[in-house]
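After this come two complexes, each holding chain A, first together with chain B and then together with chain C.
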Partner chain A sequence: MANALHIVACAGIVPDPLQTLEPTLAPTGPAIRNEMVLPAMLDPWAACALYEAASLIAKNPGEPQNPSKLWLVSLTPKAKLQQVMMTVAQKLSFELVPIDGPIGGFTDAHSTAAILAETIAALPGLDRGKLLLFGGWESANRGAGVTLQLIGERLGITDQFQGVDQIELRDDGPFEVLERVEGGRHQVSVCAGPPAVLGWATGNLPEPRNNPQIGMDNMRTIMPVLQKAKTAALDTNSLRYVSATLPAQQRTTRVVKDMHPEAIAQEIVEWIGKDS
Partner chain B sequence: MESVLILTHADETGAALTKPSLEAISAGLELSTRLGVSIAIGVVAPGPIALPKSLPCAVVAVSGEAFAQPRYATDAAACEALCRAQKPSIVLAPASSRFTRVMAGVAHRLGGVIDTHITAIRGHAGIEASRWLYRQRIEAVITRDARPWFLLLDAGTHAAFTADPSAPAVTIEKIHVDLPALRTTVTGIETPKQDALTIRPDAKLLFVAGAGWTKKQPDGQVRAQEAGELILGFLRASGASLGSSKSLVDQGEGQGGNSVLPFLTHMNQVGQTGATPRHPKGLAACCHGEEPHVIGWRFIAERRAISLDPNCGWTRGKADVVYIADAFRVMAKVNELLAARSQS
Partner chain C sequence: MTASSTDWSAPGLDSETRESSPLPDPDPAIDRPPMEVDIVCAGFGPAMGGFLTTLTQAWNDNPADPAFESRVMPGMPLQVLCYERADTLSAGVSGVVTQAKGIRSSFPDLNPAEIPMAVPVTDERVFYLLDPIGASRRSLPLRIGDFFLRLAGSLVLKDRAFELPWTPAFLHKKNGLVLSIGQFNQWVAECLMAGGLVQIWPGTPVAAPILENDAVAGLRLADQGVNKSGEPDHNFIPGMDVRARLTVVGDGAIGQVGAALNQNQNGAKCWAMGMKFVIELPEAAADSELRPGTVWHTIGYPEPEIFGFLYVHPDRLVSVGIFVPSWMGDPARTAYRYLQHFIQHPALWKHLKDGTLRSWGAKSLEESGRRAEPPLSGNGYARIGEGSGSTNMLTGSGVDEAWTTGIQLGEAVLELLRAGKPFTHQNLSAAYETRRRASWIERGAREAENARNGFHRGFIRGLIGMALTGLTRGKLSLPAHIPPAHRQIRPFSFFAASGIKLREAAELVLEDGRPLHDALMSARGWPEIPFDGRLLVTQQDALLMGGKVQAPPAFADHVIFRSKGLCLLCDEKTCIAMCSGQAITLGSDGAPVFEREKCIHCGGCLWNCAQSPDGVNGNIDFRAGAGGLHSAEN
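This part shows the complex of A and B:
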């Protein structure tokens, strides 16, 4: 297939899920205590989007004079992004477009989307007619699932898909998309072609292995752009937090040892049958 | 003065509203009564629809064949038209896959703001909404002055509106929509392979299978086939919905996303990078109960687990009861007991 693709993947960074998170009050509102020093990773569903993007481009490289391209746009503190890039950059080739901004999930999605849309619209060499805007369908911090949609609206893209697990390009330009819908099913749609927005769920690809050679090639361009990253401040759009608290998590657990499997089964069946 | 619009949509038959739509109606009625403000209901449906009787407010609807397909361009245009007709300051809508796909776009078109995954709405003077951040780890209460403010309500957080059958049928005002050129066609719905619909959002029980089912057992054997039969047998007998840990579904990577248990996909996955379902009870078997998994259990009220490991995560305050036992033996017996019950 000769049609080149211009894929822009949007991804933030989030704390490693094995970390304990504790809310605290910063001058700007609620925050996670010490979030800047917690080990971080690329937002998982956005990472799936990035892997799917790289795979799609590998299958559809375009032509030498008109190649397919992959940008990774990230609005996040650049020092933290640099740490995360040490591993992500070893997995696949992309052009990083960093915007230095605040960390965390308490920020307003509308402001984030406005800055990302402005940045994408100004990407040198981006052909909007070829654009597939990728990202996770929800982040692991704010988890609102609205940022991509808002960017899409700002860029005038009205073919949008969320909870995507699969895309298949057809030879003559259209593509088929599978989106998650209720009851563990997929809705199948056919779109005439780019531009389109795809908010990814897990997809079908494993995490690519680290390849130090790809890492070295990527880092040559990543380090200079990180240094030059523009800084963005985020508007709250009147979003105010009345409270942000940890739920009472601890249950009193009854640990049952040495009970015969038959007796356990009996107890479970009774419990299932009881109205709660 | 606030005014509330509840956006709703038809179910797959096109003839009735979805349950989450009815839940949004309850939430909206509650809110408008508390604030003493006006309320209206907007409906997106392909054709005539049976609305619950006794709706105490105006109903506006868009209809046409184009709305038979849940699709961004048409659904966004429909919701935009309903909002422009009603000019609400607060818009409530169910967080269905259909409305989640479009509602942020609609809020943007109206110059408004949106918050999603709302689990409760409170407040008398102002409006305060609860939602979770960091994948159900932190609960926040938020408010905004900007209007219109769109709030997408998570399914199962409000009781569904029930009609008074003796009340007169409601009248519906039709709203015209200018449709954009359409570039997307919905061609169908794919159900899981083998037609095993294992995800049942309305089930009373969530049964979660962990990677232990396919691991070498103390007798040195891997008993994946037997595990599959036990799990499916239990789902049939109990009507439970099936969840999975990440480790178990990931075992199928490279096989089209399917686990070694062929009826499991990533859509069954519960946790940090999976679902956060709502069921009154949950039973985990052969799952370790690590934090990235257990945060997917946030909305499961009663929790029990079966694990061989007395130090598994469940024993550390994450479940109400943990049975330290062999899940193969326990679940075989559970299936037997359930089968005997259904025959008696």
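This part shows the complex of A and C:
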């Protein structure tokens, strides 16, 4: 396929789930305790979207005078994003578009989508006819899971796919998308071509390995744009959160030796069953 | 520097040692894409923080300074890259109480409130802890001393602890700070990245220095996409050669870049395993005597050789930990269970008992200080921080010392850049070593050099030696012959465990499959730990707390047993007893087995092997690896 792609991946950040995450009530509403202290990472679904985008661009680089391009747009606190970039920017090439925002995911999805849509619409060189808007289908960051859809609507993109696990470009412009549906099955759709919104589930790609050369090249552009990141004026008054709870979580550890895998599986099934 | 074929032998390393290692010579057929930078750095701890901060501040003061012009990318500023092994820059483990002299000189307007978990030191105390259980191994003189203390009763004792009437001056951290190393490193990294000059890349272990024609020409990063033994596998990406005119080695006590350059000095070192908990005190404790900035040092319990600490952070967080030294000859030495007994000492437990464990971690400290100082620089490289012998074991501090060596190298590099001089051994020695030798770091290191000698001849002699050294500022000290780490471990048959105790322990092992050292502690009279799932949890559960342990896929194993035959013949198996993550366990064939997924990279196995295939190094080959703890609070 000769047509170049312009992929815009939207990704927020979340506290590293390996940390102890504790809900608390801050003056601004529900929050995670000491969130600024915890290391952060890209929202996992959005990270899958970004890896898929990079792979799609690698397979479909366009032409030298008309190359494919990947932007990563992120509305997050700048200091935290900078930290996350130290891990992500070694993995794949992209142009970062940071918007300095508040910590925590309890933001109004409409307000977030408005800022992101406005930023994307203003991206220099972006060709709407080549645009694939990528992001997470869900968010691990307490979002309502509707942000991507709302950005698409604001940009007037009507072809929207959610829970995407695969995209296959066809030679003549259209592409085939696999969306998750109930029962672990996929719905197959064929879309005439960009612009389209794709909210990714896990996709099929592993996390790309670190490549120091990519890291060094990326950082040359990332640091200056981070320093100049505009600040987002998010609407904080339109929503009031009444309460927040963590998903029920329990752990029982037992050390066993020489137990048959089937017996272990049986025990785990019974243990899970107790919870339901 | 011209490119030529790479020589993988470390200068000065004797060939016999190299042959005994199973490390395969890197396949010369592998095409390793090189990358050219100006300065490449290994490890991001306080030492590297000091170095990079010095460079960044100078650049921010005058970005037009021609000294900062890159050679490899003309027209661009100096290309300075730093590679850190751990997955995040906040994954360090340390105390920390520090005088912060060097840190404050870098940040004259430092406001501790800007660094999470930081607070000025408010109160310092030293306690001698009696054994409330009767299980600790105390010599006769110590027991006599304990008897008299007990006799004096509440006149001198409170909660089975004797508070020293004064804190010796050498221990004082007046005007200092209590910090979390994870938070401090993260804060420094944020400042640096915002400064815009340097790039810091976590999750990227450096495999080795690139040695060429008697010079260090850069760093080789670890291969990715390999199997456990390091052979190319699915999606193989060869570790890149990052070539630079200056390589800065700040990979700490157990770093493999430093080790490769160490000219085989590893043998006669003193080590300690520092293991700590971060505990959140209950709300009611807010007005207890554990106010933020409180610093306690302890001696005497759980074993006389084990020193302890308790530092209070803001927000009711407490760092509490112990140091298990290599000179504690017991082959069944272990840190986790001792730490649990330590926090249950009445003097601590009355404050901690209703607390919640937030985080846990461990790391080896290099305790030889100046005595094991390796070459500080050579052609194309310089070494800073704990791996360069900067940690002061008299004052019990390493963070500010490491930071300051970083500043000194930073200033030296600026001087050489401005003078247009190359980074030769001679120039680095004149600019960096001279600064260091003339500074308080060197004075402190000289005073501390022999401070801990006495401990190799017993606890009481150790205390006397330390006091003598401290009070005379290093003029007097006790002499000692310090054997290599593996010979500091006494054979099982020789050590205090009587045959009966060993048999009892063996029965426990058979009964519930626990490790021998743990069973041995129970057989010696240490009570079982009353697990409560909140503060007292199993070691396996601790791996899942605070910042869980993780190993990214597709990296090779970094703990290698050089000779399996030697392991099969080894009775002590101290590697298993001291493994902080229980990542080394006993395999069904009687040899130890390593599980990378549980390893916290504490480096304990590096110095806790009781045997040596070559008379100098232990039977474990410890290499650069990825993953480990994710805790940001340690």
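Definition applied: the second predicted complex is superposed on the first by the 241 of 276 C-alpha atoms of A that agree within 3 Å, B and C clash if a C-alpha of one lies under 4 Å from a C-alpha of the other, contacts with A are read in each partner's own complex, and residues count from 1 in each chain.
In the analysis below, contacts are C-beta pairs under 8 Å (C-beta built on N, C-alpha and C of every residue); 3 or more make two chains touch, one makes a residue touch a chain.
In this text the structure is predicted, and so the values were computed from the model without any measurement.
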| item | value |
| --- | --- |
| Partner chain in contact with A:44 - chain B first, chain C second, else both or neither | first |
| Partner chain in contact with A:153 - chain B first, chain C second, else both or neither | first |
| Touched partner set for A:257, first chain B, second chain C, both or neither | both |
| Partner chain(s) touched by A:204 [first = chain B, second = chain C, both, neither] | first |
| First (chain B), second (chain C), both or neither touched by A:55 | neither |
| Partner chain in contact with A:83 - chain B first, chain C second, else both or neither | second |
| First (chain B), second (chain C), both or neither touched by A:34 | second |
| Larger contact residue set on chain A - chain B or chain C | B |
| Touched partner set for A:212, first chain B, second chain C, both or neither | second |
| Contacts of A:3 with chain B and chain C, given as first, second, both or neither | neither |
| Common interface positions of chain A, toward chain B and toward chain C | 18, 206, 251, 253, 255, 257 |
| Residue ranges of chain C in contact with chain A within the complex | 33, 35, 37, 76, 79, 81, 83, 87-90, 116-117, 183, 186, 189-190, 193-194, 196, 199-204, 221, 224-225, 235, 237, 240, 242, 358-359, 513, 538, 540-541, 544-548, 550, 554, 630-633 |
| Chain A - residues contacting chain B, complex | 14-15, 17-18, 21, 23, 30, 32, 44-45, 105-106, 108-110, 140-146, 149-150, 152-154, 158-163, 165, 176, 178-193, 201-206, 237-247, 249-259, 261-262, 264-266, 268-269, 271-272, 276 |
| Complex contacts: residues of chain B adjacent to chain A | 70-73, 76, 96-98, 100-105, 108-109, 113-117, 128, 132-135, 137-146, 180, 183-192, 197-201, 204-205, 238, 250, 253-254, 256-257, 265-269, 272-274, 280-281, 283, 290-292, 295, 298, 301-304, 306, 310, 314-326, 329-331, 333-334, 336-338, 341 |
| Parts of chain A lying in touch with chain C, wherever the complex brings them together | 16, 18-20, 34, 36-39, 79, 82-83, 86-87, 90, 206, 209-213, 215-216, 219-220, 223-224, 227, 251, 253, 255, 257 |
